Each structure stands twice: as C-alpha cells, then as structure tokens.
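Presented sequentially are two complexes of chain A, the first with chain B as partner and the second with chain C.
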Partner chain A sequence: MGSAYAIEAEELRRTYRARTGWLKPRRTEVEAVRGVTFTVGRGELFGLLGPNGAGKTTTIKMLNTLLIPTSGRARVCGHDVERETREVRRRIGYVFGGDRGLYDRLSALDNLRYFAELYAVPAREQKGRIAELLDLVGLAGRERERVEGYSRGMRQRLHIARGLLHSPDVLFLDEPSIGVDPVAARELRRTVADLASTGTTVLLTTHYMAEADELCDRIAVIADGCIQALGTPAELRRRAEGRRVVEVEAYGVPESAVDALRGLPGVRETAVEARGALQLLTVHSDAHVDVQSDVLRELAGIRLGRVDSREPTLEDAYVAIVSAAA
Partner chain B sequence: MSTLRLLTVGTLLHVKQISRSPFEIAIALVVPVVQATLAVYLFRSSGEQHRLLEAAVGAGVMGVWSSVLFGSGGAIQGQRWQGTLEMIMLAPRRPVLVVLPITIATGLTGTYALLATLVWGRLLYGIRLDFAHPAAFVVAAVVCVVALGMFGLLLAATFVLMRNANALANTLEYPVWLVSGMLVPITVLPAWTTPIAAVLPTTWGARALREATSGGPVWPSLGICLGISLLCLVLGGFALTHVERRARAAATLALA
Partner chain C sequence: MSGAYLPGPAASPTPFPFRARAALTPSPVPPPHRSPEKGPGMKTLRLMTVGGVIAYRALFNWTTPGMFIGTLLVGPLFQLLFFAYLGRQLQVADDRFYIVGNAVLTASLACVFGGTMAVANERRYGTLGHVLLSPRSRTAVFWGRVLPYAGNGLLIAVVTLTAGALLLGLRIPVSALPGLLLVMAAGSLACGFFGLTLGALGLRFRDVWVISNVSVALLLLLTGVNVPASGLPGWMVAVGEWLPITHAAEAARRLAAGDGLAAAAGPLGQELLVGAGYAVAAAALLKIFEFESRRTASLDVL
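Right, the complex of A and B next:
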C-alpha cells in the first residue's frame, strides 16, 4: 500500500492557456487552481465544497490524471499522478454528474461490458460483477434498455456502477447529485456512505451543503482556486459561531435595498437567492446585535413573506467563508 | 488474450453505437446512390462503358474512406461532445488499444458503403458484377477496410489533440479521393502528386480492389497497402501516447 494517505496534493496549480484568432492571435490565461494542498486518509470520505468556477473540477481532474498540473505534486495511493499515470488509473474510479459520459445508443449492459474490458476486469468475473453492481444501483431488470431512454437519476446510477466496476481504492465523485431528484439524491447518498463504510476512499465535490454535512468526514472549502477552510463539518460550523442569521422571503427587492442592508450596524454579510418570483434574503450579523427590526425597516414597502431569525448552519458557515474570500 | 478481447468487444460496441446514429443511417442511405451515379456518368461520358464496374468499386472505396475519415474525426469529436472521450482515455490501457477499436469500427461500417454502391450500381444502372478475381476481391476488401482503420488511427491521434477535429476531416476528404486514384486514374494527375499517392494506403487499397475487379496482380498492391497501414498503426500508437499527454497538458480531452 505504501503511503499512509490515499490522496496527497501539494501546492497544486493549474493554469489554462487559450489562443483565439489567427491573424492577430490573442492569448488568455486563467489560473483555475492556485496552490491547493491537502491529504485524504485511506477510507476517508472527503468533501470539496465551493461555488461554480472555484476550481473543484480542475482539482479532481489533476488528481485523477485527466489534467497535468501546471506545478505542484499529487499522489494517489502513493503513485505520482503525472509520472505513474497507469498505476493511478488502475486504482481510481471517476464519476461525474449530468447527462454526459455514457454511450447513449447502447444499453447499460453494453456500456458496463465495454468499461469492464477497458479496466481489464477478468472475463470470468465480469458477469457476476456487473449483475452485483446493477443490483447495487437499482438498475437490475432495466440493463438491456438503451441509455438514451434513461432518466437523469438512472444515468447517474449507471455512472456510479461504471465507476465501481474494477473495485477502485479511491472514488472521485464530481457533483454526482447535480440535477437528480430528492429521492434519487437520497439513494445516491446512501450508496456513497455504504461505499465509504466498506473502506473505499471517496473524494466528493458538491454544491449541496446537506450532502456534505451528512456524508463527509472532512470538508475543504475551495474558492477562487484556493482552499479557504478545511475541517470536519462541526469545525467548519464553528466558523459561523458568534453570528445570527435573519432570513426574509421577499418579492421585488431592489439592489439599493440590499446595499442598505449591508450598511446596517452589526451586519457582516448579505446574500440574495432568487427562487422563481421569490427572493430569499439572508443577513448574517453579530450574534449580540438584533438586526431583524432594522432589516424590516429597510424593506418597508416591499412585499414580504416568511421572516425567520435562527442559529447559523453549515451552509451559513460556507457562505461566510466564501464571502470572506471574495 | 485480454487485449484481443478488448479490441473485439470495443470494435463491436462501437459498430453498434455508430450504426444506430440517425445521421449515419441517413448518410449511408443517400451517399452510395450519389457516388454510384457519379461514377457511372463520369465513365459513360468518357466512353469507357466497359469500366463501369471498376468505377463503382472506386466510388465504393470513396465511401469507405469517407467513413474512416469522418468516423475517426467524428467519433473522437462525438466522444468529446458526449463526454466519453475522457472516460475511455482514463482507462488504464495504452491509448492505441482504446482508439483502434473506434477506427476499425468506422472501417467496418464503411464496408456497407462499398457494398451499397455496388448494389445500387447494379439495380439503377445495370452494372454487371463480373469480377476478374472474386475471391481476391473479398480478401482485398477486408484488408482494405482493416488497413484504412489503421490509417484512421494515425489521423485520430491528431483529432484527440484538436478541439475542432471536424475542420481537419473536411479538408482531407476530397484531396485523398483524388490523389489515391479512387475515381480518376493517378496517371492523369500532376506528377507532384505521385509521391503523395505512393505513401497513402488508400492508393494501394483502391488499386488492389481495381485489379481484383478488372484483372491484374492483386497481391503486391494489397501487400504494400497492408505494410503502409501497419506502419501507420505503429506510428499512430506512438503518436497517441504522445498526444494523450499533450491533450492532458492542453486540456483538450473535454469540451470545456
């Protein structure tokens, strides 16, 4: 086994370079990951949490050998991701969220057979292994249907089955529950938890706080290409200690009113989330300052729904960390 | 054994995947009719009625070439679009073993174009299918398809690196038809095209098929076709390993 860690990332950096135009070529550079360092223990379920464009997928792709780091080093199960590519690939599984990544015009069975060959699963074991995985992800009985007829949840489960064909030591899950309905997402979480309990190391990226909170042993919050915080969900939650959160459902809040809320004494952060016609205003304040009445005064004349004052959650801690990084 | 099984299963599943594409089916129905027509009128107008079968075979090889070219470029690009390129390149196998089944599959689906062109030539224009060496024709057709699949592998190495692989495929289709003498004899082309034609497996494959159709020494042409193709396989294998690394550095395996 070698290394004590399943994953070691040391000052990983990745810059994307692009060139546009022929006559007057314009070169652009985007620094997607800027010096990420962390380790994941064997059998650990580690979460990488961050907003869109934070560098989560780029980090995962450097670790799973799909991208070569611009600088820095990473090892998976003791093998260097740049130099010992094939050794790393034998030991990892990669599952990403969304509709893509499968042969749509083939059946689930054909997809699994092909990937079993690609991962050199011995012929005599393939049939049993595929049947076992189809059972695990709840696709038994539907395996001969073409994937193009599958729902997004079914595709996601097929992705997972494919990622597990060769019984990998480390499983990379890149936003696996994106676009999946709540029931399917719950089943997915159960599958991931079961895998971790059997000793598979899992690196999970997600937007969903509840998912990270429920599943992960430790979480790294990544924003702007850097790790902003790393710890257990309880440790991260403590980042929001000393705060109070006021949530207001409102309709048609102008930007000027949000700016006014930011200027209120005791207010640390404000966030606005659009939910159809409704806007959810979240105001973080110092715990000893009651800002609720001030908030409502600033929103006078605006149609309001539910107003709530509560203790901070992991999501609030995440918002606080990401906002501080912005 | 495991490698052979990977190549076989991979080729069969890629044939299945390609042949179920509505676009591919539409192309397969229309293109052979157009090509058979083109060949027949071209040769009729030049007063070479007796060479109609040869013309139809040439047109059929054009179909195989188009299938391999657009198949190799299109399949790599298609896999990039559907997100499977990353997944197959991530497998702990040599890149050549991952890509070869795709290009062989495009050659196999191209065989249909060859057969369909001959069938349409017979049905629409009454071309008599009298081959000088029928058995040699079958062997030549099989070797030609496999050889073009290996040539496709070399092309595929470029396509893995290029995000806009289709652009290259589009520019290569007609020049290779012409230079390889699939339809027009090489002898009527400018002298500078001769060295290019000599190194293309398509030239020798088309020549072998023509010789099997109208008479001539099939085997030397077929041997050269196979030799060049095996060289393409070796070069393609090395190129793919190099290109896969470059693609990981340049981040071109995925669309974004």
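Right, the complex of A and C next:
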C-alpha cells in the first residue's frame, strides 16, 4: 500500500474518434474528458456529479481499466491503470445501473458463482461469501430464481453483490440507483454508506443530489469533460449562498417567456425542466432582490400551478455550477 | 478548478441500522482473493472447468431440450441422410463415406456457433465489461468455454453416427469404436477452438454471426465430408487442409473401414495440430482485440 490515496487522477483526457461511411469516410472526434484531476482518500466516499454526457462514465472506465486514457495518468491503490491492469482489477469492484450486465438465464446464485471464479475468490470461501452477500443485499431466499424474472431493484442489488464478491478496496458505483424505486434506492444508499463505514473506498456517480448530499464525503461536479467544482457538500452548497430560488409550476411556457425571465434585474440563472405536460421553472436570483412578483408578471396569461420561494439547496448549487460551465 | 485533496468527514454522515453491518464487519482473515490456497495450476483448471460449464449454461442458446434435440440432433441427422441418399443416387461414394464424414461434421454446428455465442452473447447481456474486468487469465477463461462445446459436439457426433449407421445399415467394427471416439473428440475440440477464433472476432465486429454462418457452409464444402477432395479444385483442398474436421473425417473413415488406429494416426495428429493452431489464434486475437478496445473504445462493453 504505497500510495496515501485510493484513487489518483492527473490530467486525464479521453478523446473518442469515430469513422462513418465507406465510400466517403467521415472522421469525428469528441473530447469526452478534458484534463480531469482529483484524488480520493482511502475509505472516502467520493461523488462524481454531472449532467448526461459530462464525462462521468468515461472517467470511471479509465479508472477501472476498461479504457486507456488518451493522455494523463491515473493510479488505483498505487497501481497505474494503464500498465498494471491486473493489479488494479484485483482491487476494484464495478457496479452500474440498469437492467443489463447479468446472465438472465442463470439464477442469482449461479451468476455470483461464475463471477466468484472470474474474480478469483478462492473455492473454499465462495459459498460463505456468496451467502453473506445475498443476505447483505436482501436476496437470500430468492437466489435460486432465474435473473430474467427479477425486478430492476433486485437486479441492482445483485449488481452490488457481484461488485463486492472479491472484497474490493475500491468500489466504482456508476449511477447505481437509476430507475430504482424510492424504497429500494433508500436501501441501496444504506448499503453504500455501510460499505464506506467499513473502510471500502467508494466512487459514486449519480444524478440525484439528495443521494450525493446524504452519502458523499466530497463531491466533484463535472461538466463538459472538466471538473467545475470540488469540495464537501457543505462547501458546494455555499456556492449558492447569496441566492434566492423561485420555483414555478407552469403549463405551456414559450421560449420567449423564459428569455424574458433571464433578462429580469437580479436574475442569475433560469432553468426549465419538463415533467410530462408540466414545466418546472427554476429562477435563481440575488438574495436581496425579490423577483417573484416580476416572474409572475412575465408569466401572466400562462396557466400556473404551485409557486414557491426558498433557500438554495445542493441541487441549486449544482445547477449554478453546471450553468456557469455551459 | 483545483483538484487538490480536501479531507472529508471521517465517517458516513448517517448511522444505518442495516442488517448488513454484521456481514460487512472486516474479518480477521485476509481478503479472499489474496489468501493462499490451491496451486495456480489447480485454480486455472477450476476456472476452465467450473467456469466453462457455468458460462455454457449462461451463453449457449440451445440448451433447452426442444432446441437441443431439434437443432443439434434431428437437423444434422437429416443432413446426413440427405447427402447419403444423394451419394447413392449420383454414385459418387458409398454410404460409409457420407455417414462417417457427416457424423464427424455434425460436431461443428454446436462448436462453431457455441464459440461465437461465448463472446457475442456477452454483448447481448451487457456482461462483457465485467468479464474483461476479471484479473484472471483471458486465455484460461475463454479456452475453458470451449470444453463444454467440444463435449457437446462429441455427443452429437456419436448420436448422429449411431443413428445414421442404424438407419442405413452401416457396420462398423467394434474394435474401431475407441479410436472413433478419440477422433471425434479431436475433431470436436478443434472445431471448438475454430469457433472461439470466430467468436474472438466478435470483440471487434458486431455482426460476427455472418462469419459463423459462412464458416459452417464452408466446412460443409471444403472439409471433404460430402465432396471427395479429388473432386474439388486445388485451392479449395488447400484451404480445407487448414480447417477442422477435414483430417478428423479422414481418420474416422480409415477407422470405420477397419484399417486400425495406426492408419488413422497421421490425420488424427494433423487434426490436433489444426486445433492447437486455432487455440493459439483465438488466444492471440482475444488479447489483441481487448487491448484495441481499451485503446480505441471500439467495444461497446457495457
């Protein structure tokens, strides 16, 4: 254990090159990660937050050896991810969200048996370890059922059990709670918190601010392939200090009205989130300026629902950071 | 933004009375993957056998009784009968030529498609990334997958030979049976590694099934199973020399004719050499394409 850090990333870059067409081939280049630097301490629970396409998964794939960085370097438990892949792989677990990544025709037990072989869990320890993990993720009693009949929450728990089979020092969790119902997501958060409390280093990517706020010791906000902010949740929350947030539920807000809101005195950022027929307008303003009446005036004639004025949360800080990067 | 390390809170922010706490308490024994146990040879053997069988159940599409019997037993038997009756009609060769040759060839269906499924179905299930994250030897992982397919191929060849001989009245000397079993096992194993070589292409090319389909047709044509080598153009014979089944079929015919194992030893050795060549080729391709996938992100691993 030479290094003081579990994860060290130094100026990591990754460019994807693609070629399309046969007769007239066209080459495209996308810089997914553009110079990411951070460190994660041993036993730390570190969050990587960012919008879709920000470079979170690419960063994780470089750290877990599935991708070679275009430039820069990274080490996991002191081992170089490009040259010492076997040493890195012995020490990491990888869990990602979604329905795929398991052998549907096999039972949970057989899935775990197979990956126990692949991840070099000694034969005499496999049975006990698998039973322990099935109990941990709440699948004991269901382990002989085929995975194809599992709900998404059950699959997600099985993903976690698989990621922990070989007792990894570092666990990468790539949006593990995506598509999971609230109760299952809460159990999952408990599991993650418990892991961290027993010394496992966890790198978590998520879209859910509450999840990051509740779990993470520190958070890096990544957008456009670069880290835009890094600190504890409290430190990041302070990024939104001096602000006030007005939230308005509305139906059929034209782009021109949103532009008008952006032009109001004291308004810093405006975001629109579509939720079915409903649109949720979030207007960030300077704390000393009351923009609520101005906002409602600009939205006159539009059908409105709930209107709320509140203190900024971590999510607001995140929006502010990501908006500033855009 | 500076990436300097900022010390965070020492523990998780919320206590969790979760049942996992006891289970996760660090054990005084070293982590499982680093504790001393069996020798590396035994561990590799276990990975190849136990891992190979589980992977077979996970990835082979034709494991249900209906699919297995229909696709791998009944279909090839009809193919054997078709060529045997066609041979009788055209008077190209006798029944032994077709029955023995086609019986050996039937192993190729399970082996070629099995080898392809061993890699291509990992993409389908989204598990390839997790397999590639294994610290174990890729060669052992994937060679182990060939063993159940080869066993499958051997079973199919034996069943087809037995059924074909009974249906068409072919008499095979009892003394030839152990040798035939050996030859069919060699042919199945060579075919399995040939299939894995094709499967390895699945790490680079998404539509690898096209290659498997074409390869099965090529085996039918170029191995001399249904068209005697003397009736094929020279270049086809030359290509056939490098394919599995060609030499196994020749060895099996000599044994079935009562020539003895000594007469079959030459082609049997050649079949084993061809199989070994494909085993090495598969291992090399898997290594190259895995590295390329990491370098160029060419693989949709997850």
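By definition in this document, the second predicted complex is superposed on the first by the 326 of 326 C-alpha atoms of A that agree within 3 Å, B and C clash if a C-alpha of one lies under 4 Å from a C-alpha of the other, contacts with A are read in each partner's own complex, and residues count from 1 in each chain.
We adopt the following convention: contacts are C-beta pairs under 8 Å (C-beta built on N, C-alpha and C of every residue); 3 or more make two chains touch, one makes a residue touch a chain.
These figures come from a predicted structure and were not determined experimentally.
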Joint occupancy of chain A by chain B and chain C, clash or fit: clash
Chain B versus chain C as contact partner of A:Arg89, first or second or both or neither: both
Partner chain(s) touched by A:Val245 [first = chain B, second = chain C, both, neither]: neither
Which superposed partner A:Gly199 touches (first chain B, second chain C, both, neither): second
Partner touching more residues of chain A, whether chain B or chain C: C
Footprint overlap on chain A, where chain B in one structure and chain C in the other make contact: 16-17, 64-68, 86, 89-90, 94, 96, 98, 100-106, 110, 113-115, 117-120, 122-123, 162
Residues of chain C defined as touching chain A within the complex: 1-9, 11-14, 16, 18-21, 23-26, 31-35, 37-38, 43, 46-47, 50-51, 54-55, 57-59, 63, 125-127, 129-136, 141, 294-297, 301-302
Residue numbers on chain A that touch chain C, as the complex places them: 5, 9, 14, 16-17, 36-39, 41, 44-46, 64-68, 86-87, 89-90, 92, 94, 96, 98, 100-106, 110, 113-115, 117-125, 129, 132-133, 135-137, 162, 166-167, 187, 190-191, 193-199, 214-218, 226-232, 235
Chain A contact footprint on chain B (complex, rising order): 2, 5-6, 9-10, 13, 16-17, 20-21, 82-84, 86-93, 98, 245, 248-251, 253-254
In the complex with chain B, residue positions of chain A that touch it: 16-17, 64-68, 86, 89-90, 94, 96, 98, 100-106, 110, 113-115, 117-120, 122-123, 162
